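The structure appears right after this line, and notes come after that.
Chain lettering (A, B and C) follows the sequence in which the chains are written, and residue indices restart at 1 in each chain.
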Amino acid sequence: MSAVSTVDRKPGGGTPPEGANAGGPARRLASWLHRHGWVRLGVLLSAPMAWLVVAYLGSLAVLLVSSLWRVNSFTGDLVREPTLDNFRTIFAEPVYRNVALRSIGVAVAVTVIDALIALPMAFFMAKVASPRFRAGLVIAILTPLWASYLVKAYSWRVMLGNGGPVDWLLGGPGNGPGYGLTATIIVLAYLWLPYMILPIYAGLDRLPNSLLEASADLGGRGGRTFRSVVLPMIVPSVIAGSIFTFSLSLGDYITVQIVGGKTQLIGNLVFANIGAANNLPFAAALATIPVFIMIGYLVAVRRSGALNEL
Amino acid sequence: MTLSHTARWLLRGAMALGLAFIYVPLAIVLVNSFNADRTFAWPPSSWTTQWWARAWESQGARDALWTSVKAGLGATAIALVLGTMVSFAVARFRFFGRDSISLLVVLPIALPGIVTGIALDSAYQTAIRPMGVEKGLFWVIVGHATFCVVVVYNNVLARLRRLGGNFEEASADLGADTFQTFRFVTFPLIRSALFAGGLLAFALSFDEIIVTTFTAGPGVQTLPIWIFNNLFRPNQAPVINVVAAVLIVASIVPIYLAQRISSDSAAGGRL
Amino acid sequence: MKPIRLITAVAAAGLLALAGCSSGDGTGTPAPGGGLKPPERQKLAALGAGEGQVNVIAWAGYAEDGTNDPKVDWVTGFEKATGCQVSVKIGQTSDDMVTLMKTGDYDTVSASGDASLRLIYGGDVAPVNTDLVANYKDVFDGLKNKSWNSVDGVAYGVPHGRGANLLMYRTDVVKPAPTSWGAVFDANSPYKDKVTAYDSPIYIADAALYLMKTKPDLNIKNPYALDDTQFQAAVDLLKAQNGIIGEYWSDYTKEIQAFKSGDSVLGTTWQVITNLAQADKAPVEAILPVEGATGWSDTWMISDKAKHPNCAYMWMNHIISPEANAAVAEYFGEAPSNKLSCAKTADKNHCATFHAEDEAYFAQVWYWTTPIAQCLDGRTNVTCKDYLAWTQAWTTIKG
C-alpha cells in the first residue's frame, strides 16, 4: 500500500512526524521496501548470515578439512594430502579415549554441581526475596563476572596450595585436595555458577505466582508444588544454563593448567598439539570430538526451547 | 507460594552459603593485594600498599585495559547490529530454515572456545593473511563479535516477541514509513533490551581469554592476555590482584544501571 | 535445515578450494635423515640502518630489561644505543619457539639444539653472515659450526651459551639430599605428588639418560637415538614416574612459586629458577646428579621473514658482546659463549663453576637435539623414533 494518500486523516491528529518527506527518496525507498517483504528479509539476513555462515561455519569447515592433513614430522610443515591417520590414532590409542571420557565426566560433574547450588539460590531470589533485595541479589551475582576468570582461577590456586586457606580450614597442610582433578571440578563449578544461576532465575521470574497459588489451592504443599509444578517448567532454563557450563568445561584448558596438577583434559591436548607440537591437523582432529558432542547436545535440547533462554 | 518457616530459612541459608562461596575467593584476592609476600603465603604475615602504587603506575596494565575496552566496544557494536538484524528477521518473517537460525547463532558460544579460536586462526592463515592484512585488534574483534551476537539476539528476540507486531502496523496506519517506524516506535521499545544485551556482550568480550589467545597478533595485549602473561611473575602477580579488585568495584555501577533499566522497561513492556 | 546445509557445503567447498590453492613455501625435501638439504635462503649482505624495532623470542631470563629486577638489565642500554626497541616473547619450550617462528612475526630467536635444526630444515631461518657480527670472532671455537647450528659449514646462528638441566630440591623437606636422578624416578618416592618434571616431549631424553647409566643392557648410546625397545623402556619409566608427579612445569615462574609454597619439593630445573627462588628466601638447592644430565646449547638465529633484519643483527652482536654475555650467563646460570666474558663476570669463578672452557665436561652433557628416524648414534640397522613419536608418547605418558 502506498503511503499517505489513501489514509483518512482524523481531525486534529495525525500530523506527519518529524522528518517526513512526503515524496522524498527515503520515503519512496521505504514504501518500496514495505511492499517487497522479501527484500527486507534479505537485507536483514545478509550481513549476519554472511558473518555466521560464510565466516564462522567456513572456518569450522577449514578446520575439519585440516584434520585430514598431517605435518612433516621433521620440519613441521603442513602436508596437504588427505588421510585418516589422525582419526585412526585417536581411536587406537587408549589415552585419547580416557581423556575424552574424563573431560565429559568433568563437564557433567560441573553441570550437576552447579545446578544443585543454583536451584535453591535462584528460587530464593525469584520467589522468596523482597523486590528490593532481589535487585541487590542479582547485582551481587552478576558482579563477579567482571572479575577476571584468570584471577579467580589463580585465587583458587592460592587457596588450594600447600598450607593455603583450604588446607588450613581442613586442619593442616596436606589435608586439602591439592591440585588435580577434584580441584579442577571445584574451580570450574565456581567459575560457571553465575551462568547457571541467571537463566534459572529468569525462568523462575517468568513463572507466575498465580500458578503456585493454584497448586496450593488444589492441596499441594511446598514440596509437591515444587516437584510437580515448578521443576517441569524450569527444565528449559536449567538446560540453557547447562549448555554454558557443559561447553565451557568441556573445552577448558587454562583452569586445568592453573589448578589441575598433572591432569590432562581434551582442551589441553588440543592446545598442546597446536602450540607445542605444532600439529594443527591432529589438534583439529581432536577438536572434532567436543564439536560433535556439543552439536549433538544442542540438537537434542533444541526442542525444549532452551536455546531461547540463553 | 506458601512456604513453611523451615523451608524459608533453609533457602536463606542456601543463598548465604552460595554468596559466601562466590565471594570468598574474591575476598582473598582483595586481601592478597595488600599481602607483602610476593607469592601470597597464607596467612599474610605483613601488609603493604606498594602493589596499589605499582598498579597505578603500571603502563602495561593501562595499555592492556584500553585495548580490552576498544575490543569490547567494537565487538559489542557489531554484535548489536548483527544480533538486531537477525532477531528482526526471525521475529517478523517466516522463511525456510528459520528454526535453525537459533541453533546457528548459539553455535559460536556453545562450541568450546578453543575450537572457535583455532578455527578462526586457521581461517586467518588460509584466507586473510595472503591478502596482507595484519591480525591485530581487528581479528580479535571479529572473534569476539561472533560469539557476542547470541546474547543480543536472544534479548532482542524476547522483547520483540513480547511486544507483538501491532505497534508497527499502527504506526504505518498513521502514516509513518518503514524507517520512521523503526526510529520513533520500535527502537525506543527495544532500547533497554539492546542495552542489556550490549552490556552482557561487552562483559563477555572483556573477560575472554581463550579465543583471544588465538586471534590476537603478537603486539596485541588485551587485559586477560596481559594478566595471563604476568600471572606467575613474582613482581607482577600482586599487581594483578589490584587490577582485579578495581575491576570488581568498578563494575558495580554499570551492572546497577543495567538492572534499573531492564527492570523499568520490564514493567513498561507489559503494555 | 536445507538452505543452511547448502550454504555450508558451498562455503566449505569454496574454502577448501582456497586452501588447496595456497601452497606452502619451498621446504627441505621430505625424506628425513640422510640426503636432507635445507632450503635455499639468502643471508644478509650488508648491515644497514636500524629499523627502530626488533621482535625477539627468548628463553626466560635471556632478555632482561629491568622489569623483573631493576639491577638486571642489558636491554635498555641496547635500545638507547641502537634505537631498536626490543619486544620480547618468552618461549616456554622449544616447540613453542618453533611454532612462533613459523608465524613469521618475529625477527630472532634463541633456539636450543632441538629447535635449531627444525627451523633450518623448515626454511624458517636464514644463514647468518658472521662477518656482520663483530663479536663472533671471540666466541669459543667449541661452539662454532657445530652440528646443531650449521649445515655443511654454513653457520645458521651465533652461539649464546650452554648449560645443563639440574635437579632442584627443598632442603628442609627432602632429606637426605639427593645425588642421583633416581630420586625423581623412584615409584615409591616418599615425596609422592610433590615431584615435578619439565613439560615437554624432550624430557624423554632425561629418562633415557638415566637408563643409559643404570641399565647398560639396553645399550643406549645416545639418549636422543632410541630404537623401539629402548624407547619403550624410557616411556615405561616415565609412566611410572607419572604416579609420583604433582605438576609438570613449562612456565618457569610457576615452578618458582610451586617450590616456594612447597607444592613441589623435587624435580628438574634450570639454574636461573633456583637463583630466583633463593632470592625469594625459598630453601632450595640445585645439583648436577651423578649420571650427568641433558642440557642445551642455545643459538641466536634470524628469521627468514624478519621484518627488522638490521636490528636483529645488532641484537645478536650485542647479546654475545663480552659485557652482555657475561651478564646473561650469570643471571641465567650458564656458561657464556664469548671468551672475553669470563673476565667480565661479577663472580670471578663463574666460568670455572660452569665449565665454560671445559670441553671434556660438556662431552658428558647431552644437548637437546631433535630426534630423527635416522639414528643419531650412527646405527644403520634400526630406525629410531622421530620427534613425532616422542610427542605422541608424551601425551600417553601424561595420561
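Criterion: contacts are C-beta pairs under 8 Å (C-beta built on N, C-alpha and C of every residue); 3 or more make two chains touch, one makes a residue touch a chain.
Here the structure is a predicted model, which is why all the values come from computation and not from measurement.
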Overall pattern in which the protein chains touch one another (line/ring/star/complete/other): complete
Remotest chain, chain B as reference, centres from CA atoms: C
Pair of chains joined by more contacts [C-beta pairs], A-B or B-C: A-B
Rounded Å distance, chain B centre to chain C centre (Cα mean): 39
Distance between chain centroids, defined by C-alpha means - chain A, chain B (Å): 12
Residue list for chain A, restricted to those that touch at least two other chains: 53, 57-59, 62, 66, 161, 163-164, 274
Two or more partner chains touched - positions in chain C: 4, 15, 19, 261
Multi-partner residues of chain B (at least 2 other chains): 41, 104, 123, 126
Chain A-touching residues of chain C, taken from the complex the two chains share: 4, 7-8, 11-12, 14-16, 19-20, 24-25, 27-28, 30, 32, 36, 93, 95-96, 98-99, 102, 118, 121-123, 193, 200-201, 242, 245-248, 261-263, 370, 372, 386-388, 391-392, 395-396, 398-399
Residue ranges of chain C in contact with chain B within the complex: 1-4, 15, 18-19, 22, 55, 67-69, 87, 89, 103, 105-106, 251, 253-254, 256-257, 260-261, 276, 280
Complex contacts: residues of chain A adjacent to chain B: 3-4, 7, 14, 16-17, 19-20, 26-27, 30-31, 33-34, 37, 40-41, 44-45, 47-48, 51-53, 55-60, 62-63, 66, 117-118, 120-121, 123-125, 127-129, 135, 137-152, 154-156, 158-159, 161, 163-165, 168, 190, 193-194, 209, 212-213, 215-216, 222, 225, 243-244, 247-248, 250-254, 258, 267, 270-271, 274, 280, 283-284, 287, 290-291, 294-295, 298-299, 302, 307-310
Interface residues, chain A side, partner chain C - complex: 49, 53-54, 57-59, 61-62, 64-66, 71-80, 89, 93, 95-96, 98, 161-164, 173, 178-179, 261-262, 264, 269, 272, 274-279
Chain A partner contacts - residues on chain B that touch it in the complex: 1-4, 7-8, 10-12, 14-15, 18-19, 21-23, 25-26, 28-29, 32, 40-43, 81-83, 85-86, 88-89, 93, 95, 99, 102-116, 118-120, 122-123, 126, 142, 145-146, 149-151, 154, 157-158, 172-180, 183-184, 203, 206-207, 209-210, 214, 223-224, 227-228, 231, 237, 240-241, 243-244, 247-248, 250-252, 255-256, 259-260, 263
